[in-house]
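Here's the structure, in structure tokens; my notes come after.
Note that the chains are named A, B, C and D in the order they appear, and that numbering of residues resets to 1 at the start of each chain.
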Amino acid sequence: MNMRKTAKIKPHYNQGESLSPWRESLNDIIFGSETRKGKAFDTVLSVCIMLSVSVVMLESIDAIHRQYTRILDSAEWIFTVLFTVEYGLRLISVRRPWLYAKSFFGMVDLLAILPTYLIVLIPGGQGLMAIRVLRLLRIFRIFKLSEYLAEAHIMVEALTKSARKITVFLYAILMLVVVFGSLMYVVESGEAGFTSIPVSIYWAVVTLTTVGYGDISPQTPLGQLLASTIMIVGYGIIAVPTGIYSAELIKTYSRGKIRNDACPDCGETGHDFDAAFCKYCGHQLDDF
Amino acid sequence: MNMRKTAKIKPHYNQGESLSPWRESLNDIIFGSETRKGKAFDTVLSVCIMLSVSVVMLESIDAIHRQYTRILDSAEWIFTVLFTVEYGLRLISVRRPWLYAKSFFGMVDLLAILPTYLIVLIPGGQGLMAIRVLRLLRIFRIFKLSEYLAEAHIMVEALTKSARKITVFLYAILMLVVVFGSLMYVVESGEAGFTSIPVSIYWAVVTLTTVGYGDISPQTPLGQLLASTIMIVGYGIIAVPTGIYSAELIKTYSRGKIRNDACPDCGETGHDFDAAFCKYCGHQLDDF
Amino acid sequence: MNMRKTAKIKPHYNQGESLSPWRESLNDIIFGSETRKGKAFDTVLSVCIMLSVSVVMLESIDAIHRQYTRILDSAEWIFTVLFTVEYGLRLISVRRPWLYAKSFFGMVDLLAILPTYLIVLIPGGQGLMAIRVLRLLRIFRIFKLSEYLAEAHIMVEALTKSARKITVFLYAILMLVVVFGSLMYVVESGEAGFTSIPVSIYWAVVTLTTVGYGDISPQTPLGQLLASTIMIVGYGIIAVPTGIYSAELIKTYSRGKIRNDACPDCGETGHDFDAAFCKYCGHQLDDF
Amino acid sequence: MNMRKTAKIKPHYNQGESLSPWRESLNDIIFGSETRKGKAFDTVLSVCIMLSVSVVMLESIDAIHRQYTRILDSAEWIFTVLFTVEYGLRLISVRRPWLYAKSFFGMVDLLAILPTYLIVLIPGGQGLMAIRVLRLLRIFRIFKLSEYLAEAHIMVEALTKSARKITVFLYAILMLVVVFGSLMYVVESGEAGFTSIPVSIYWAVVTLTTVGYGDISPQTPLGQLLASTIMIVGYGIIAVPTGIYSAELIKTYSRGKIRNDACPDCGETGHDFDAAFCKYCGHQLDDF
């Protein structure tokens, strides 16, 4: 998990030269969330993030943008300056600024302020503005410290464990949509919609995942028959990721049934909860 | 659960001054469902609720409303008066009317009659009329007493237990649609449909949940590629809530079926809930 | 299960007067599938059913109907006569014709031939013709004797056991679509599409089940926000029936872990596979 | 699994006359992936396959095809010649060419080169070109040797085991769409869209699988009511394949982890697969 990268920075403080006291306390406020000041900082920061993202969204609505250009622009600059100051303070308060800057959240922090400055230099880069919405990711920095961490951890662990199986599944899906898309391209070649293989593959994805926009839909009887097949296949194989994840989650859940201690004789772990003797060497286990 | 609030009212009757006999018996008829009269009242009430909701629905259909204005209006007033009388009787028959009025069902009962009266005072508030459809919620009052309670209880318990995990999941979904929506806004900026970030986020929700109206759909090759990614992600992560709920439900099912205590003779655990003797050594288990 | 009704007819033959030998052997051919003739009859019947259903389908396609009217009409009459003869033979070969006629499959058999005759008497009843497609249900009569019965049985058993829970779930869905539909009717009242509460409820069903035709879709920002909520709710609660069914199926699966024999002392059953003693009375169980 | 067919060819080499040394080493390079040369060959082959499939896709896009006809045609011929040489080398390097040619991957290898040659002979067969996309299947030959095989194996095993149940489920789905489609044909006969029973069945598949294109959608109130029923049914029964697959996967997971034999000393069963000693009494278990 990339998200733990910043967390790894802190332990380094203890190795070697320590931060000066004021930088230390600044670090506690900005990165920590145990102190009263740290909590206040987190709250203010989340509100700023939410507001700045709202500004980005409102700006994208033409009618609002035209009417409130000045207010939105001012708000945008205020947030950018605030975040820039925050970014600077973060750089100052960590012992290894470069490590922070390269970390996942360091990059997100930079991306949150860069577009506004770049827009002044490259006037045409309006598209860059939407990148600012990534500021929302910064919420995770605060979020990760919350009480929901344990829940998220179990879910992420189950996901990580099923990652390989889901990769295989996604690969199979990819093959299916390529083959089905090409078939539909052949079958519906005369009709509107299926103009090329890539477009037909896009249609196959839309159909197999049961999204079904309807912007492209088969017109010939044979095409509709083939499409029906794809739909039923898609309907059937949705069971696969669900089954994988359910099975993995149940395993993760029931893991509490395994003793945490090692055999005092051979050191092997993973004994059942009801085991009185080591199943590997037969040595008696300690009372639990 | 808010729904139990009214249920909590009854036990209070025994604490202190009792209701007068006729209010006591009125309470049994209106709130109870054990007596013959109570059952009859419940049946009549459900029929009235169903009919009044049908009236609200029929009124909303223009053609029917114009042709049968008088019949529908009369029916509406009859039901409103009936429900008002019922509301009054409920207030009278409980020992603490204020507690009832503030309870979930007390509010629903009030919302069931208020709009019709308000419409006379505020002629323009046609929109209020649809609120009357909430009358349907009153069915739950009768429903909750039914034999399905145990089933609903297991399901709600599993849902409650997975609530935190599902909150985390919903938060992740929210992040995904905001980020994907903004990306699509940038990618498809020149095309029809993706006119602003909020609209693009709406499109991302429509796509990720595999609803796929097709009122907005990507036109550029890059947009279609990105959309395909979102669809496959959405198709994959539907496994997450299902996995969480399945695992929780299986735990809820199997819990309570195993005794927590060990056999006093051989110390073996894992006895069924209904076991009186140890299944390993035959020794009598302690009373549970 | 209604489908077992015809199966119940046979055991009656042994109670009292027996069928004459030729009716007995006719019965073996028509209802049975153990003899060589019975199997041949089943095969011929399935082919006839498939063909007659194909005829019904082809007739519904305008272009084909106009060109091949005579062939299709002849085929239809041939199958109707064949099925009528079969129906007559079935009536003759069972000991209690009335019981057969009232059974589920007796009704289906009648419905398979009736529309063609009725069309002659009531010339305008073209709509009746589609009923003939129900002939397909007759396949189940043959199908039920097949090797897939055990699989179907486990699935149906798990479904039956979760029926009550799924009823509760469907009721909750119904409440949700009525409430959400009405809300959308209020919110989108000025826009095209949401013309009445019933139509809005239809839209809510289309959305909640993630079908999403797009024939009606929200236009106002508030409507799109509300719709997004419904979609995410729908996406989340699809976990519920899946969870219920999965948990039930796993329970049905693992039931094989229970000993089939009863305690020799108290007669109680349902002992665990690893039980050596009756968990109810402590008596030693027989060796397994 | 058809995919193992080519794998079966190799063991034959040991039975009887051996390949000449150079054919042997050629076989190691082309079919094997253990040697350095074998790995290099696999890498080059995958790149060629990916590129050739890209060429097929690009050719199907009209604008690109018109502009780069010569480059694409040349690339196509280069890949075809390369694959033809490869096909020839494969035929030479195996001991039983005919067995290879008839195997699943032998057929795919032939299909990868045939269309390009046929197009010269049959100028009108443009549709054949899309068959070349099946080249992508050749990736599986390389893929199957990868580390993901174990994961794929568990998934395929669970799928194979649930195949019979899923067949029953698919049959039920088929019945449902035929019956619902015919009903909708009758109900919506006057409206646009539901022009014939086959088209109505196509609509029923689109709806039941929650794809919902919206190219055909019910217009009458009765049709919308019926459609809502189908949607909720579809939403409910998606639980069935998921439940089947989840339950099967959990069984596959947990199977093999428990030894089937009992402890020779205390007779307890349920020992883990890797247990050498009884976890209840500490006695050594028999070699497994």
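The rule we apply is simple: contacts are C-beta pairs under 8 Å (C-beta built on N, C-alpha and C of every residue); 3 or more make two chains touch, one makes a residue touch a chain.
A quick note: this is a predicted structure, and the numbers were derived from the prediction, not measured.
Under half of the residue numbers at the chain B-chain C interface are used by both copies of the sequence. In this entry, A-B is the pair from A-B, B-D or A-C that repeats the interface of A-D, since more than half of their contact pairs coincide by residue number. In whole angstrom, the spacing between the mean C-alpha positions of chain C and chain D is 31. Chain B and chain C have centres, each the mean of its CA atoms, that are 29 Å apart. Averaged Cα coordinates give chain B a centre that lies 42 Å from the centre of chain D.
Each of residues 169, 198, 201, 210-214, 238, 242, 244, 246, 250, 274 in chain A touches at least two other chains.
Chain C makes touch with chain D in their complex at residues 53, 56-57, 60-62, 127, 130-131, 133-134, 136-137, 139-140, 143, 148, 151-152, 154-155, 158-159, 166, 169-170, 173, 198-199, 201-202, 205-206, 208-215, 238, 241-242, 244-246, 248-250, 253, 274. Residue ranges on chain D touching chain C, taken from their complex, read 164-165, 167-169, 171, 175, 178-179, 182-183, 185-186, 189, 195-198, 201, 207, 210-214, 217, 221, 224-225, 227-228, 231-232, 234-236, 238-240, 242-244, 246-247, 250-251, 268-270. Here chain B touches chain D in the complex through residues 210-214, 242, 246, going by the rule given at the top.
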